[in-house]
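My questions will all concern the structure given below.
As written, the chain order gives the labels A, B, C and D, with residue 1 at the start of each chain.
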Amino acid sequence: MDILLWHEILEPYELAVKELQVKFRHLIKEHHGKGMYSPIESVSGRVKSVSSILEKMQRKGIVPEEMEEQVEDIAGIRIICQFVEDIEKVADLIQKRSDIEIKSEKDYIRHMKDSGYRSYHLIVYYTVETMNGPKRIQVEIQIRTMAMDFWATIEHSLQYKYKANIPDHIRERLSAAAKAIIVLDNEMSSVRSEIMDAQNSSQMQRNL
Amino acid sequence: MDILLWHEILEPYELAVKELQVKFRHLIKEHHGKGMYSPIESVSGRVKSVSSILEKMQRKGIVPEEMEEQVEDIAGIRIICQFVEDIEKVADLIQKRSDIEIKSEKDYIRHMKDSGYRSYHLIVYYTVETMNGPKRIQVEIQIRTMAMDFWATIEHSLQYKYKANIPDHIRERLSAAAKAIIVLDNEMSSVRSEIMDAQNSSQMQRNL
Amino acid sequence: MDILLWHEILEPYELAVKELQVKFRHLIKEHHGKGMYSPIESVSGRVKSVSSILEKMQRKGIVPEEMEEQVEDIAGIRIICQFVEDIEKVADLIQKRSDIEIKSEKDYIRHMKDSGYRSYHLIVYYTVETMNGPKRIQVEIQIRTMAMDFWATIEHSLQYKYKANIPDHIRERLSAAAKAIIVLDNEMSSVRSEIMDAQNSSQMQRNL
Amino acid sequence: MDILLWHEILEPYELAVKELQVKFRHLIKEHHGKGMYSPIESVSGRVKSVSSILEKMQRKGIVPEEMEEQVEDIAGIRIICQFVEDIEKVADLIQKRSDIEIKSEKDYIRHMKDSGYRSYHLIVYYTVETMNGPKRIQVEIQIRTMAMDFWATIEHSLQYKYKANIPDHIRERLSAAAKAIIVLDNEMSSVRSEIMDAQNSSQMQRNL
């Protein structure tokens, strides 16, 4: 496929990422406006690069005509939460929406990957309007705490460098860091109700 | 109504303005990405201020419980075109969308207001997702050329200063300016096909 | 020069464009905050593309080692004013600044180009901080009214298509449009003081 | 002081925050553009709210005429790093700049506050250009790792709720979390050179 064709294929995914970022960021604002604690702390998004799509197709043996169906994370949204408990709340908020339909869920928090990776993943259907009418596409939504995100960012860099072969001594350090993160998230959870109260009252002040 | 209540009422209108700006701006990108001339030059948006809403309610005798139905321009989107001919194209693009339903249209271009005001207005229904589920609201979409927009900006400032009573000598100057703008838009239209060609080829270059 | 080298050369120009946009846009806010009419209506900026730089070097016989000195518009800032009278005020504001040094000025408003082009141009020196210390670079600042900008945008597209050879019948239409723009700017100037008053009082309201 | 006066006082601080964010964010881009690891991960900024300024003046007995000198954090910039080691590098980069002059430094990383707070603070002088000429103001720059920032955000909310009197059982949890963060930052530091390599090679790829 040449560059102009790729451009055309990825266009609706770019639009979906932009729209969903606006929508989820507004949810934060809506909670604060009502003087409520927001389970969403921040939102980011990206469209997968052409080289990453090609690499995934090759690795998983995906033929071009099945690309849009099989590569489920061409469009990606990442939602960061303050507390582990917020993750489920966000998943619930998404499930209730009329503009998003959930295709599948993977809970890597209850079922941590061997590497130490923890996150909640949703694959969803979302419809964007193109010049040629509506188009229904897939979007991957990752939900995680700030601490989980920190770990994942680091691990992603190392994966990129070493491919599948991260040396053992580094893998051990990553694993130790993953444990520190679980401790950290647990300590935070134990004061969650206090902090939610605290943030509500500060929000109420700001609204007045 | 107190300030927190207003805040809650206007929240979905703010979201609609943000979403529609993202969508219309992406349409520009989509045209350019396909090497096509875009009938949309730029997009802006705003939510009406509480004081302007109150002033309109008083002037038109609108009761609070009918505010959201009767004040049709709480959310406003403005689309600027290079040429008069583009305006109709944009109206067509909007009509075809599955996420927008047209309630009414007013063509102040064929039927210029006495003041000299020219623009194409659509009142549309658009649905946003709130914390409490979907909400269908009204949005006013104004479509005009850069020259029409320039005139309208100036007239709006004067209206604001003089209320209904703009002095005659100023009204005459505004009227003369409105005529200069019609001449300008006509001259531009006479070279429109040349310019569209020119902008397409420059866009194609940039895509390569 | 290869792509990474170009990247490095253009980096400080990108920074200058970003900084100057922030600074000039803040000037608008500063005027409004004091309840004053702002002579600046809007600000945009761009770094010249590598292909446009190369084309200019070839056309003017500029050797690579003199590129940064001879191509004066690698960084470009455009300031749009509501009225012709504002242009001089903006030029004065720039002259007084301690962070910008003026190298040269060209007044294409009093001395319109044959094509009909009208604008006020400044070439200035501006210092940005890089990883390797401060670097003093040149920036071109164009100041024009909305109407002049409209005309210039259109003419630029046609220039691009026809190179030096815009056909006579189009050149005549452009010339007629340039005249309509002078009429328009004059009509506007004749009500300028009224409009400035009007915009001041609306701004004061908003600040309260 | 009334609202319009506050507005005028804070204006230059807002500009400083905007300019410094542009400058520090560009530093990230400059590192990546050269295929280098960036010691800065992200940058944010804020101007202190009027109520927080008043509260601080009262708490510290600061008289109005000494406000701008004594309240050193009216303008605040926060720089987030991936690793503890990066913090010193960022402080060095700031020290070398010709547009920033350092007034004082506080190292709460080597000398952790009793509460568990860790960060590197700089108070600097920075000059902005106003309508009335240049103005030299103070800015507080906080430099910390993502993990330190996470902890500080949480503690700030609790401080806000309980004023000086955070209950002991919460203070203990915060302290435990602070320890988990030190472990986490240490684990990360132990693989820092590997990760820097990894991120450099991924950056180089992206530049090609």
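Everything that follows uses one rule, which is that contacts are C-beta pairs under 8 Å (C-beta built on N, C-alpha and C of every residue); 3 or more make two chains touch, one makes a residue touch a chain.
What you see is a predicted model, and the numbers here were worked out from it, not measured in a lab.
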Interchain contact steps from chain B to chain D (minimum; 1 if touching): 2
For chain B and chain C, chains touching each: none
Centroid comparison with chain A (C-alpha atoms), farthest chain: C
Classification of the chain A:chain B interface as same or different, half of numbers criterion: same
Distance from the mean Cα position of chain D to that of chain A, given in whole angstrom: 27
Centroid spacing, where centroids are CA-atom means, of chain C and chain D in whole angstrom: 35
Whole-Å gap between the CA centroids of chain A and chain C: 41
Where chain D touches two or more other chains, by residue: none
Arrangement of touching chains [line / ring / star / complete / other]: ring
Of all residues in chain C, those that touch chain D in their complex: 4, 7-8, 11, 14-15, 18-19, 22-23, 26-27, 29-31, 33-35, 93, 96-99, 129-131, 133-134, 207
Residues on chain B engaged by chain C in the complex (per definition of touch): 82, 146-147, 150, 154, 157-158, 160-162, 170, 173-174, 176-177, 180-181, 183-184, 187-188, 190-191, 194-195, 197-199, 201-202
